[in-house]
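Two complexes, one shared chain (subunit A), two partners (subunit B, subunit C).
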Partner chain A sequence: MNKDPNHLRRIFVITAVLSVAADLLYWFLAGPHIPPGRMTSTASSNQWDFNILMVIALPVLIGVWVFLGYTIANWSSKRASAPEPKGGAAARSNMKAQTLWIVITSVVVLFLAGFGTFELIIGDGSGGGEGPNPVWEPAGAAQAETAALTSSASWAPGKVLVVQVIAQQWKFTYRYPQFGGFESAQLILPNDTTVAFNVTSLDVIHSFWAYQLEVKADANPQENNVAFTTTKQLGQFTVRCSELCGLWHGAMYDFGKVETRSNFTNWATTTESANSANTADLPAFAWTYVPDANGAAGGYYPDGTVTPYSTVETYGAKQAAS
Partner chain B sequence: MSIAGRLTTVVVAFLVAVGLVLAAVAAFLTPGTPGGVVNFTKAQAAGQPVNLTVQTVGSIGTGLHPTWVSYLVKNPQGKWVHETTWELPAHTLVHMTVYQYDSGSPLRNQEWGQVQGTIGGTATLNGSTYSQYDSYTGNGVGHTFAIPTLDLSVPLIGVSPTATNVCGVAPCHFNSPHNIITFSFKTPGAGNYPWQCFVPCGLGYLYGNGGPMSTQNYMGGFLDVVAQ
Partner chain C sequence: MTISAERPTKSVATSASPPTSRGVSWTQRPGWMSQHLGTAIVVAVLGYTFGHWLGNYITSGYPYIANSGQNAAANALALTFGVAGWLLGIGALNYPLAKLVGKEPEKDTPVDGWSKYFRYTLDHKVVGLQYVVGVLLFLFTGGLLAMAIRTELLSPTTHVFGPGTYIEIVSEHGTIMMMMATSIIVGPLGNYLIPLMIGSRRMAFPRIEAFSFWIFIAGYGVIFSALPYGGFPTGWTGYAPLQTQAGPGMISYLLGFAVIGLGMMAAGFNIAATIINCRAPGMTWSRVPIFVWSILATAALLTLATPTLFAAGLFGVLDKTVQTAFYVTEHGGSSYLWENLFWFFGHPEVYIMALPGFGIVAEILPVFTRKPLFAYKVAAAGMIGVALLSFFVWQHHLFQSGINPDMRPLFMLTTELISIPTGFIFLVGMGTLYRAKIRFEVPMLFAMAVFFNFLIGGVTGVFLSDVPVNVTVHGGFFVLSHFHYTIMGGLLFAFMAGLYYWLPKMTGRMMNKKLGQWHFWTMFVFFNLTFFPMFIIGLLGQPRRVFTYARNLTFLNDFSSISAFLLGFSFLIFFANLMWSMYIKPVKAPANPWDSLGLEWQTANPIPLYNFERIPVIMTDPYHYSEVDAPALADLGLSGPGAKASSSSGKSDKK
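Entry: the complex of A and B
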């Protein structure tokens, strides 16, 4: 290559032309359809991030392919005009190529580190579980979470909706503390609303993954894992457990819906009323619950012959608010 | 040994090792031997409701795990069998009767104290209609019959643990204390739908969800729904 500096320039130009074409085609044809879609703020953000990564990755991929193709086409030993490979100083290094490679890869990696961090922060955690004390919270979330522990908590369009996700072998159920604390096997959300998911478990480790919402948070017993998103589109979404949790893990899924605010309010108030008798029997709303490990509840085995897993914890014991 | 011989030995040893690993993984992921299938599709004329009768017992009394709690089903010939995969016709009304012979307790999650997904959202307990049961009262809830993917769940009220003549070994008979729970639901389209109990009744296992709760043919199974 040192004897013919045009090779590097040619490879660069071919790569640049193909990369621009591939990036444009990807961005406009594939980009808008990349999962998880645009159902929520975090889904849109995730799709944007993925597209940015692809636009950066495609030139790298094409560059490698072009280099290999160019090498085969021009320096094949079967070509009569190809010079025989020779050792010596000229074969040991090419400062220009090495510098270019180090600079490009360093810039890409550093940019991606900064870009990823920036997206994580402005996306209030990007739909991932932030633990019991979220570092990044959308406006109004802290007030809504604090109010959720009071019996007078309420929701109105424009306010953050607090939803508690309760995982158990093998089904997710959902509590709505701003609607009297009723619990339901259905997950219905209002559109154009910021939702604070508070994810916990009653037994083993599960993981709440609302795919189209781009929300994913581990469900750990006696832990409250908080994740945020803002709904942007009406429609159905899938909820799956993404942590291998036992025999029926594969069947631990359901479907939720994003409804209009008025439809959601109608559903929530109707369900609150219909479930009122059962809600009265639920433990007071808390961020986590402590089931007896051996059975259904404290005193499950009335003869007392089974040593409890924990001698101090009882079902429904409240944990301190996070 | 020749190179070909060595190569053959290495390849055979590798394949044996891979086979052993795959067998171990398969054995690990298969917690129990699935039972047979009880076919209810031929028990009545097409389109007619299916009568499905089951019982829950505190201990099955036989087999590898005689102390485990279990469901049994009455097959179309009227015999109680220890099978939990039931073949049912699609889009058909199922009238279910549960003979509940086990004692109860408070639920880990009272959400399952509600009757959900049945026709009318109700069930009957010894002839009385109910839609919700406070598991902290009375004898509590012994088990639930739930088909999670259909959002169907029915609490099965427990019998008194201090009652005399409690059934010890399946199949239980009417002279033992029991509750009769009935409800109806409609089967969906063809497919396999897991059903399970939501009471962690696996005595002696962590969180109560091991043993019979994590082994097919005890406290869970499949509705094998087929088109007719």
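Entry: the complex of A and C
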């Protein structure tokens, strides 16, 4: 060993070459196929987000692995040519290296936080549950949500569709307030439409995960958890519960469909009239439902309104749902 | 155990109690007529029976749990009195009770011989070894449950277990492993090594230390009592209202965490007090070994975060027994309350399970690279930074829960910020490896694997912290894989590194190298083959804790399951190695087998009861490897072989 080669430069060059190759391969080969696909606006924007993170992560992974590999290959004590290590102050710290490390990691982290926040805001919550008072809403959602509670609520193509997801042990059902508040066991959505999912639970915490739609919102008892997305493609999608909810959690799934707008309207109006007798027996549409005053009877009344059981008489007026 | 045969039995033990005491304590008397594991079991059973009777007596006709024929109050009191009986039986309460009634406590003259490992013992080295056995008990039980989970997941449609049994298994696995992981390094290695590393003769509060171990074992009993009660269906996170709705096994979960929590708090503040107060002269903060820094940061988290868990668990017990409504929405409680309390503890908790691993890796890297630890101060600052920041990130577990949407950018920021101090461990590791001369002994292999595994765990953590990506990965197998990469890939590999490294000191016997290498390679390869596919399984849409999944995920699940069985087999190799090297064919360990400069290796072998004949005076930090004219680490105040050991400098590079 006459002259020690510049190890850091070698490691850097190997890392850079491999990183560029890996990033390109990832971006063009894997990226477009990363779940959950592009069935909705949130699916494609979160896929883009995932891919950006991956393009940043790959060089980090490769950098550390190359370093470890280089170390193992060159500085094993079994190699006769390995140089004797040197202790002392120089080996104990290196201001330049330490500062550079801290600056680089900080810049990456701050960029990621900024990027994530930006994506979250322009994605109207990115398909995640935003609670009863969403801070990031698509245009028209607030009006549609407010109108949904009135009897005059209606939907026309181009408007925001309000859907209520009711979770209970161990199934999901869906109510359509803009179609008389009928309840369906299957989730059917119109294409090219912004949907406001209002997720609630009748018992324990569940989580509504419409996988291909890229919507995930916990279903909490007596809470309304709102999430938004805009459908972009026709097709079937899977709904699974993604929060442990007891015995049959593993079997709590169903399949929904995104249909054309006209098919959807046909289906919704047909179901509305076919179900009208059942709908009349349901509690009036509300964001959340509370077990009824008789407890064990298993009925539910809408939170904050007068009910057939006259809980107001029994318990005094409830506070309005937040 | 022969290792203790040469230890002095008459020593400065009297400093623990005044000379006027009434005789030898029951915990230290020889023979059957004394307090030991056997009496603890007997009194625990008596306590359990009494508590059960009492509960049924005072609340007869009250809160029976639906479909179980069980009375919640009876269950809770049975377990509480059972734990109290256990502590009474082992002798953990002798001293405080004597003080309480104004009597002088009896003398704690240490007993010798193997029976001390089954007693309430004040020697931190005995407690450390007791903890080794204790955490391995947790680890192997939890591991067997993991095998059961992977067996069920071999097929999406054919089921080995019913859904109820499966959820029980999943919940027990998660809870036991989490309980184990909080103590796996702090308990065995922390208690054993801290006094040796800082030049102290004992822990600050030896009685609290012994208490923390025995209540840890009581926690094992309590969490296992869930099984005969029909288990609990909530997973280790115990979310309410599922918790409120659950059967009697839930009480074992809630009390189990409260009991383990008591042990964690006790261990935490004992260790913190020891590190702060019992350092030898000259052991300044810039000279304490980096492992001690990591344990100090961990102890702070144990002390500050665990009370939240303790209180949350008790609230849950009250909800189930005396009909309070902390978590019952219909009566003014909130399911979010449990989520917040649980994760307010739970997120610092995951750093309780990461920091000691960093400490071990950073501690043994210099020994096997023959280089000083790179950026020591950055490493220490990083650990403290992680500990502090860990209190400000808990709501990233609740990104989809519906609370505080406007706080999500903040929690995304804090979560991503924590990767800066976490990343320091890589800076430190890479700086130490640079131009080193690496000896790939078994502990070093495990330490290198920590860098490989934890990198994957850490980077995927950044994906999870990104709110938009979190929508895809929250609650699925991606998360599951992420935290197995950090806890198992990081902490457990570091624990193994620590065991292979320090067991020669702790037991005087070397672990077999060949078997150790087999253990390492099987564990490393099959760990990655088990958990890496789970990232893909998660991205493809499989939620956690399910017993059915989409048919197209069968291959990946089977691949993961078969790897998991082989991973389980690697632990059998470890167990075989442990038995072989400790009992079947023990090989006497040299005084300093790895040529370490650490103070713990400078003590006599076997370590005398009070560790140091004289309190050492520390001259410098223990990382002067490969340094010409390196200063001696410490003045041990000895003449003879000990003095020689203390002056050996980093130049020594003999293999």
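Rule of thumb we're sticking to: the second predicted complex is superposed on the first by the 285 of 322 C-alpha atoms of A that agree within 3 Å, B and C clash if a C-alpha of one lies under 4 Å from a C-alpha of the other, contacts with A are read in each partner's own complex, and residues count from 1 in each chain.
Basically, a residue touches a chain if its C-beta (ideal position, glycine included) is under 8 Å from a C-beta of that chain, and two chains touch if they have at least 3 such contacts.
What you are looking at is a predicted structure, and each value in this text was computed from that prediction instead of being measured.
Of the two partner chains, subunit B and subunit C are each touched by A:W248. Set against each other, subunit B and subunit C touch different numbers of residues in subunit A, with C touching more.
By the touch criterion stated above, A:D203 is placed in contact with subunit B and with subunit C alike. Looking at the shared chain after the overlay, A:Q168 reaches subunit B, while subunit C stays out of its contact range.
Once the two complexes are overlaid on the shared chain, A:L213 sits clear of subunit B and of subunit C alike. With both structures placed on the common chain, the touch criterion links A:V258 to neither subunit B nor subunit C.
Contact with subunit B, but none with subunit C, is seen for A:Q186 once the two complexes are overlaid on the shared chain. Legend: residue contacts after superposition of the two complexes on their common chain; A:N275 is shown touching subunit B, with no touch to subunit C.
By the touch criterion defined above, A:G127 reaches subunit C but does not reach subunit B. Judged by the document's definition of touching, subunit A residues 203-204, 246-248, 251, 291 lie at the interface with subunit B and also at the interface with subunit C.
Residues 163-164, 166-167, 233-235, 237, 239, 241-242, 245-246, 329-330, 335-336, 369-378, 399-406, 408-409, 412-413, 416-417, 419-420, 423-424, 426-427, 430-431, 433-440, 448, 451-452, 455-456, 459, 462-463, 465-472, 474-476, 539-541, 543-550, 623-628, 630, 650, 653, 655 of subunit C are the ones touching subunit A in the complex.
Those residues of subunit B whose C-beta lies close enough to touch subunit A in the complex are 31, 105-111, 113-114, 116, 132, 134-136, 140-141, 146, 148-149, 151, 153, 161, 194, 196, 198-201, 203-204, 206-209, 213-216, 220. Touching subunit C in their complex are the following residues of subunit A: 4, 7, 34-36, 42, 45-46, 49-50, 53, 57, 60-61, 64-65, 67-68, 71-72, 75-78, 82-88, 91-94, 97-98, 101-102, 105-106, 109, 112-113, 116-117, 119-120, 123, 125-132, 134-136, 199, 203-205, 207, 209, 211, 214-218, 220-225, 238, 240-251, 290-291.
Across the interface of their complex, subunit B is touched by residues 166, 168-171, 173, 183-186, 202-204, 246-248, 251-254, 275, 277-278, 281-283, 291-303, 306, 309, 315 of subunit A.
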